[in-house]
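Heads up, there are several structures right after this.
What follows is chain A paired twice: with chain B in the first complex and chain C in the second.
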Partner chain A sequence: MRDADPSTNEREFLLAALKDGARIDGRKFYDFRTLRLTFGAEYGAVEVQLGNTRVLAKVSCEVIRPYTDKPTEGFLMFNTELSPMASAAFEVGRQTDEEVLVSRLIEKAMRRSRALDTEGLCIVAGEKVWSIRVDIHFLDHDGNLVDAACIAAITALLHFRRPDVTVVGEDVTIHTLEQRNPVPLSIHHIPICTTFAFFNNGERMVVDPTFLEEQVKEGDMTITLNVHKEVCALSKAGGIPMEIDQILQCTKVAVVKVAEITAQIQAALEADAKNQIARK
Partner chain B sequence: MASITTEEESKLLIVLPGDQLPESGLMEDSSAAHRLTLGPGLAPMDDDSITAVKAGILKHNAVGNRWWVESNQRRYVAAQGESIIGVVTGKSAEHYKVDIGASQPALLGVLAFEGATKRNKPNHNIGDLLYCRVSMANKDMEAELECMNPTTGKADGFGELKGGFVIKISLGLARRLLDPKNLVLRLLGQHIPFEMAVGTNGKVWVNSANAQHTILICNAIRNSEYLNSAECSAMVKSLVEKM
Partner chain C sequence: MSRLDRTRTSAHQLRPFFSSQNLLNRADGSAQFDFGESSVMCSVVGPAEVKLRDEKLDKATIEVVVRPLVGLPGIKDKAREQAIRETLEPLILSGLHPRTGIQIVIQTMKDDGSILATAFNATILALLDAGIPLKSILGAVTCIVDAETNQILLDPTTQELANAKSTHTFVFDNKSSITSDSKQEDKEAVEVATLYSDSTGLFSEEEYFECAQICYKAVQAVHGFIRTAVQKKLEKEQQQIHS
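And then the complex of A and B:
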């Protein structure tokens, strides 16, 4: 069941309000919605709320055989499934265009940018490596699934602890959680996606579009950066063409946003670490 | 299945689906007739007992000995006689297909407007917002709408809604907004002149002089769902001061 198109009144009002300098929910153009991070009891489970958009990420690991041509590299897999729970427009088993774009963006942002050190996942070269799997569940769709999913994925990876391993010669012992404290993954940098939507013939750019803004937009672009101002990915799939100085302007805004969000993620992780100690 | 004892009428009684209501408690007030009127959320069972089928607050009106459950949900189920806001999604020779937020689109006859004849009928486009009345609804067929008062044949406020903005809210909040004594609307009306149409399908249309005011009103209405009166006044005051 496809989502109904918005009524003409909504479309015209949104565009007129943007021309006047206002967004429907009262935000300024470059404001993200309120970001809330909630950690689960287990390591590697985090729920991200970006306004009304909710995404849940869960990390799990297992030991498998590596590829023969890459004997020292572990695996990092992302599984994104958009279920009807998020929106009536999604159907189980059938991938919409949006779903494909979201999963490809997350793969590009996380895996190609080498955020997670896959070489560090090796236990015994050629025989045993860790395979890390990130399951991303979309609970509520109110626009900007990509940014929320990216924040959820990287925060879950930062939060996750894998079992400690001791290798003596050929003998591999995977310690249980009782024997040894689990070990965090080695994450090089924290890539954060920032999505921009374009309106008014390319003159107006807004950050973090809501569902209605996404339905009315003329084009969109997602920039993935980290705090060190390195561009991990830039995706502009179709939509209205933009000038180069507008793209650079978006990048400047994204740098500021990424710094804010990274600080918030790290503060949340530290608070949760204290809670974990207090609980034990 | 839990059994409930209704102690006092003034206490808030929360029921869950499957809760049985005691026969004795319900017949106390009916001095005149031994008749009981069941509203939404209650259903008689085979063994003559009454069970709640929706989760919510049990309400009672001594006039006519009416009992019902005030529940809340977001998905609309069409019921006859209700006024709703719909979006035109399709046109055919005889009907408009209107999306009212139910599981099926509803049908609006092309001639179901005030003073419409075959020669002179209104022309609505896809995407238009219409304020209509549900003329027929049951679970087996698509609901049917009309844009006029059935007894008088006059428009009575039904028809196309031009301009403004429409937001989606829960059904419970929509019913509360229809109350003439609603606090949020009264407070907003003291500061900003606006016009509004409430659809019992959870859609509210707001129109005012400029876009900023409309956005403010929409956000105030959305926020007011879970606030009590004191918090409501504080919220409206803070929103108006920011203007």
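And then the complex of A and C:
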């Protein structure tokens, strides 16, 4: 089922409100929606709620043979298949343009930025390496799937613990969870995506668009930064042309947002770590 | 006796239930159901537009999509899709909505065994939340026959499933009922309407019917829980309307 276009009333009201300096959900232009992180009982499961957008990420690992030309590198795989649960517009088996874009952005932000150290996943060079798999499930689509997915993915990777391994010569022992405490992954930095939507002939830029705002937007841009003010990825695929000053302005806003979100993620992880200890 | 998950003491004890309804905004109805640490979320969209090739002239077309927690959907998920769809088709009053589609999407949120039974229960709650007309309510539960002790264990965890000689999933509706008269119990057990029964492993006929009996009694608790959950939701909605 295709999504119905917004009615003329909705569209005009949204654009007029933006021109007057307001967003219809009451947020300021550079405000993210309320971010809620919920961890599962097992390591590597996190549910992210960004307003009404809901994403679930689950990390799992397995031991496999590495590529022959890269014998010391482990694997990191992302699965971002959109299911009809998030929106009836997503069909099983058929990839929409949006799905392709979300998938590519996550790959660029997470994998290409070397957030996870794949060399650290090596067990025995040329024979055994860890393959880390991140399954991202979209449960509810109310705009800005990319940012929510990125937060879910990196938080799940930070939360995940892989089984401890001892290598004595040729002998590899993978300890079960009862034998030894599992080990966290080595994550170099925390990339966070910030998506901007453009309106009113390129004059208005808003952060974290809702679904309605996405339907009405003229263009969009996603900047992936980390806390150290390093740009991991920048994606502006088409849409209305924007001036350089505006792009730089967006980057400045993104720096602030990324710092806030990273602090929130780390606080949530610490709180969950305490809960885990209390539970045991 | 102490079960492997250490929170239960009896072989015929279910894990604690948890459910939540109307969670998603895009779907017409949604629900999450938990059996202990197994959690499944279900979304229902319908009656809605359906592709011309899937259209049925006198009934609604029911589509079920099952998504696993880890990995891409495989044969196991396709089998679950078929099981759920074929069990629901006679239950949903699809004749009331001809030439439309009802799409049911099931997502495993946490996996600790008995996923199919959890999925069935989540689905029926989501259908109720969406307001899809139904003939009756179903309730599902899994049981295993332990390989070592030959005991029948209800609602197994993943750990317990690994030691199972045979696994049985039963789905019963809430229309037929057994009177609590213990004398008639054996006779009436055969008259219960079983909506779905799936068994794997090695088992005898007696074991199968004993499992069915035990599961039937457990499903009454599931039905009671579903009733309470929907009642509470409606009470809350009434309060919101009148406040």
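As a working rule, the second predicted complex is superposed on the first by the 280 of 280 C-alpha atoms of A that agree within 3 Å, B and C clash if a C-alpha of one lies under 4 Å from a C-alpha of the other, contacts with A are read in each partner's own complex, and residues count from 1 in each chain.
We take it that a residue touches a chain if its C-beta (ideal position, glycine included) is under 8 Å from a C-beta of that chain, and two chains touch if they have at least 3 such contacts.
Fair warning: this is a prediction, and the values are worked out from it, not measured in the lab.
Asks: Would you sort A:D5 into first (chain B), second (chain C), both or neither based on which partner it touches?
Replies: first
Asks: Mind telling me which of the two, chain B or chain C, contacts the most residues of chain A?
Replies: Of chain B and chain C, C contacts more residues of chain A.
Asks: Identify the partner contact of A:I244: answer first if only chain B is touched, second if only chain C is, both if each is, neither if none is.
Replies: Neither partner.
Asks: For A:A22, select first, second, both or neither according to whether it touches chain B, chain C, the two together, or no partner.
Replies: first
Asks: Per the contact definition in the header, classify A:I277: touching chain B only (first), chain C only (second), both, or neither.
Replies: neither
Asks: If we overlay the two complexes on their shared chain A, which of chain B and chain C does A:V168 touch? Say first, second, both or neither.
Replies: Neither: A:V168 stays clear of chain B and chain C.
Asks: Just chain B (first), just chain C (second), both, or neither: which does A:F13 touch?
Replies: Touch partner of A:F13: chain B, not chain C.
Asks: Please indicate which partner A:L139 is in contact with in the superposed arrangement: first for chain B, second for chain C, both, or neither.
Replies: In the superposition, A:L139 touches chain C alone.
Asks: Spell out the residues on chain A that touch chain C in their complex, using ranges where they run on.
Replies: 1, 40-42, 45, 47, 52, 54, 56, 58, 60, 79, 81, 83-88, 92, 133, 135, 137, 139-142
Asks: Report the residues of chain B in contact with chain A in the complex, numbered from low to high.
Replies: Answer in residue numbers: 87, 89, 99, 125, 127-129, 161-166, 205, 210-212, 214-216, 218-219.
Asks: Help me check something: in the complex, which residues belonging to chain A touch chain B?
Replies: 4-14, 16-17, 20, 22-26
Asks: In their complex, what parts of chain C are in touch with chain A?
Replies: Chain C reaches chain A through residues 23-27, 37, 41, 43, 45, 48-49, 65, 67, 69-72, 103, 105, 107, 109-110.
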